[in-house]
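What follows is chain A paired twice: with chain B in the first complex and chain C in the second.
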Partner chain A sequence: MARFFNSMRDGIGFDLILVGAAMVFLLALAGLPLVYNILMSFQQVDMFTLGDLFRPLAGLTNYVAVVNAPEFWLVTKNTLIFVFTSMAGQFVLGFSLALFFAQNFPGAATIRGLFLVSWVMPGLVVGAIWSWILAGDFGVLNTILKAMGIIEAPIFWKSDPNFSIWAVVIANIWLGLAFNMLLLSVGLAAIPRDLYEAAELDGANAFQRFWTITLPMMRSTIGAVLSLGLIGTLQQFDLFPALTEGGPANTSNVAGYWAWQMSFKLYDFAKGATISVMMFVLVLIASVVYVRSTRHEVRG
Partner chain B sequence: MTRPYVPWFLLAIALTLAAVYLFPLYWMYVTSLKSGSEIFANPPTFWPVEPDLSIYPSVWFRRTMQTFMWNSVLIASGVTAITVLLGTGCAYVLARYRSGWIDFGLFMILMLQVLPASVMITPLFVGFNQLGLLNYPRTAVVLAAAAKAMPFFVVLVRATFMSVPRELEEAALVDGNSRIGAFFNIVLPLARNGILVCAILTFMSSFGEYIYSKSIIQNGAMQPASVGLSGFLGPNSSDWNSIMAYSAIYVTPILAVFVLLQRRIVSGLTSGALK
Partner chain C sequence: MSAQIELSNIDKHYGAFHALKDVSLSIEKGSFVALVGPSGCGKSTLLRSIAGLETITSGTLKIAGQTMNGVPPRKRDVAMVFQSYALYPHMTVEENLTYSLRLHGVGKAEAKVKAAEVAATTGLSALLKRYPRELSGGQRQRVAMGRAIIRNPKAFLFDEPLSNLDAALRVHMRKEIRALHDRLGATSVYVTHDQIEAMTMADHVVVMRDGVIEQQGSPLELYDRPVSKFVAGFIGSPAMNFVPGTIGPDGMTVALEIAQSLSLPLARHQEPGRKVLVGLRPEHLVIGEPEQATLRLPVAVVESTGSMTFVTTSTEPEMTVVETRRTTVRPGDTIGVSIAPNQVHLFDPATEKAI
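Right, the complex of A and B next:
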């Protein structure tokens, strides 16, 4: 017994307690629910069986019902549009800004740091602000676009079915851009200066230097940033209730918000769980890419 | 253009870019100071004609923000306490050893980091319902949100512990400290700043937590400020100066902390997120 306590204080037991407490907590509140989610997607869940663990099995009926739902393909399309345009926008703008702020001028680091406020703000507040900027009648974005001569008539960003998904995409690009920029800046700073000097001596122009030095040297950073962008976009939820609530007529609905609507608006927990499982498969693919691109650093 | 002017020229561009990027924030504050009729002026005014601060106290009392903000502080404190208490030790062990098991643990944590809250909320809600935890909704939200926040915290704090020289800890052990002693007397004080920054980040992000609170807490007196904001926000909202005043009261403390600690937060993030 004394040896046991001694190990707690001074040996491997100490490490096991430290790591074990967190692991047990995470398993109970993240691992277990994940398994439970998969179980629920194969069960019939209604108000009467909500309190039971062993409910009548439903086989694949939940999956069939979700895929056959009239909005399924629309939501799938929206999810893909939302994820890929958000990622592309965040990455391209983030990379351009990172390249710009990599120049040597006074205050570069401080001003770059200011961009990160978008990342610490509550998602719902960001949604509220953009909801007002994008308002159709009195929104300031329409005024600016009109003054610049880009549009003739105001665009009803949130209520026009052709634009509703783009309203959320714009807000999401704004939200995620700064984090992308910050991570890419770190990658840029790690490229040795003398590579550029040597290339310059060899007569390479700015574009050639970018193409043959910056991009290859940034490969693992870009991989990590893109997969973190994918994960972050799939996690995005708060902007939807704040901006469009998935409407009008599901034209801005995505998988994550749809799953929540199923469970908490329609109280159809089985279908909510089913959509969640489908989405989880997507996230799994993204995270395998992410872990692979950070692996050399994980192995230290 | 001659060489010495280039940096100042770049600085001017940088300031313009920052102004464009931060315009939404400016617009929030300006709108909140406008009168009810001025917000619908066409074209909109970019500076309020008659800045009116009285909307702040009126929104504060009308929307019972005192309760909402207090609940947000409670939930964020609970999440931060659990995350720091459990996450710090875990990050320390993951930083200290290299083995297959440690790699596996780290892999699991990276996987948990990516689970969307919208995927987790359905099973969590049904599970909490079966356990009776829904009768203590704020506790339920704290537990769920802590599980969401912890993986990110562990990844960041692990990077901090990696930067503490191993030799210092070994020297303490040779001097007769136990592992516990070396951990509390040597390693923790050296990693204190990094842990503090990560704890503040955790607090800020759970201060804005929305999806779990919205789904789990039905009682208005226990809801946090994010749910309170959603109460008068929707595709057809029009009470914009009140909404913006509410938002401004809600985010100004976060923004103030961020601006004060900007340098530390940025360096804490960059050391952890990619390593």
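Right, the complex of A and C next:
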């Protein structure tokens, strides 16, 4: 008995308690809802069976129904546009800013810190602000574009079916920019200065140094940023209710918002769960890429 | 012999800090020059200025006759071995070696042949496919050297390349670097804070202090004729003893404050009665019978390494005597010490310049 308590204080027992606490937390708050969601996607759910765990099985009918829904392909296309253009915009602009601030001019660190403001703000607030900026008849963006002679008639960003998805993309790029810049800045700062000096003496110009030193040394950081970017973009929700509510006519609707609409607007919980499971598979793939990219870190 | 690297009146300011003050230095083609001095003396700044990693504030820098002020490092055709080695962690040894060749458009096959040649001279042949993280400190050092050699540059610049190695390996690499220099007939500039490295490796030693060249010359010149107390104390190990003294009335002897009754004979006539600082190298002091010696000193500590015995006296300031013969001296004894007149160094107490 004494031995048992001893191992609890200092030994394998203590290790198990620590791991166990984390596992219980993870299972209760992430594992169970996940399993319940997957289960629900294979069941018939209506308002009267909401409280049950075991409901009539539906097989794959929920999946078939979701894929056959008239808006499915439009939402899929929008999701792809939203995810990839957001990620590309966040990454390219974030990397450019990170490189810019890595030049260590006076005040660089302070100004870089100020960029975090966009990341600190709740998505709903960001959405509300961009809703004003993008407004058709009095928005700042239209005023600027008109003043510069780029457009003649105002663009109704939020209500024009050709632009509605881009309204959310623009806001989302702004929202995620700081996070990308921050992670990439950390990656850049971790590259030893003397590698660049050695490369410079070896005859590499600025572009060659970027291509042969910076990019390969940033491999794991870039992998992490892109995977987190994918997850974050698929999760993005707040901007949609604040800007377009997925409209007009689903032209700016994406999978995440659609799942919410199914479950909590139409109370079709089975289809909502089905859409989430489909997204979950995508996020899982991204997570595997993320974990692998951080495992293969190059260390000097 | 022509000057491969020519520095004229180089100044370097970092804001208000004056890092290099009017430095002029001529480095002969094929010579091995060591820049030595305590940390913060400007030796690394000078080396990095030659490489082009630091811009000089004023003065002229010429490499192989061409003015290099404002020329970017990649166009200077000099190679540098960094203290940290600065190997590219994401490249194999072979890729590290051939990086500069690939940048200069050398074909893959030719680069491979050259890498194999360099690997053979630096003992890396078996390691070409390894990554830097899989190498020991000494092997990394060799890769850094190989990366410099493969380019056949106008000059090799070494920035304290041995300071991350353990003592035994350091002694070994010292010889290897010097042998490599002789074989390639290269021009090398070597920065170190270790005067032994400078003395053993270089043809020409430049002692720096506070951004100024204090003295330069061959290693033995610096050892035999230091121009200042600083150089005298920096070169030689264990360090030179400095004791205050006064020149005798005849001008041919000096009386030490620690042993008023006896005085040391001098090789040259000095101004009688002048206060001086007397420099005596521990290895020049010879222990003899107290009665016949010129100095009598009480012993505080005796340390033996087997081949040598270091005797520290209980005088103020204390003095160190190195004895290479076996000795029975013990703490508390009084030893008699003598020294040849031409081995007594005199310095002005105020300016610390040699007299």
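The rule is short, and it goes like this: the second predicted complex is superposed on the first by the 274 of 300 C-alpha atoms of A that agree within 3 Å, B and C clash if a C-alpha of one lies under 4 Å from a C-alpha of the other, contacts with A are read in each partner's own complex, and residues count from 1 in each chain.
Note that in this section a residue touches a chain if its C-beta (ideal position, glycine included) is under 8 Å from a C-beta of that chain, and two chains touch if they have at least 3 such contacts.
Note that the structure is a prediction, hence the values are computed from the model and not measured.
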| item | value |
| --- | --- |
| Partners on chain A (chain B, chain C) - clash or fit | fit |
| Apex chain A: angle to the C-alpha centres of chain B and chain C, given in degrees as a multiple of 10 | 80 |
| First, second, both or neither for A:Leu145, with chain B first and chain C second | neither |
| Which partner, chain B or chain C, touches more chain A residues | B |
| Partner chain(s) touched by A:Gly247 [first = chain B, second = chain C, both, neither] | first |
| First (chain B), second (chain C), both or neither touched by A:Val120 | first |
| Partner chain(s) touched by A:Leu188 [first = chain B, second = chain C, both, neither] | neither |
| First (chain B), second (chain C), both or neither touched by A:Ala69 | neither |
| Which superposed partner A:Glu200 touches (first chain B, second chain C, both, neither) | second |
| Partner chain in contact with A:Leu99 - chain B first, chain C second, else both or neither | neither |
| Nearest-approach distance, in Å, of chain C Cα atoms to those of chain B in the combined model | 9 |
| Chain B/chain C common contact set on chain A | 298-300 |
| Touch list for chain A against partner chain C, complex | 192, 194-195, 197-205, 208, 212-213, 216-217, 219, 298-300 |
| Partner chain A, residues of chain B touching it in the complex | 6-8, 10-11, 13-15, 17-18, 21-22, 24-25, 27-28, 31, 39-44, 82, 86-87, 89-90, 92-94, 96-98, 103, 105-127, 129-130, 143-144, 146-148, 150-151, 154, 162, 178-180, 183, 201, 204-205, 207-211, 214-215, 226, 229-230, 233-235, 237, 240, 243-244, 247, 250-251, 254-255, 258-259, 262-263, 265-266, 269-270, 273-275 |
| Residue ranges of chain A touching chain B (in the complex, touch as defined) | 9-11, 14-15, 17-19, 21-23, 25-26, 29-34, 36-37, 40, 45, 50-51, 53, 97, 100-101, 103-111, 113-118, 120-133, 135, 137-138, 140, 143, 147, 158-159, 174, 177-178, 182-183, 185-187, 221, 224, 228, 231, 234-235, 237-238, 241-245, 247-248, 256-257, 259-260, 263-264, 269, 272-273, 276, 279-280, 283-284, 286-287, 290-291, 294, 297-300 |
| Interfacial residue positions of chain C with respect to chain A in the complex | 51-53, 72-74, 76, 78-80, 82, 84, 86-90, 99-100, 103-104, 132-133, 147, 151 |
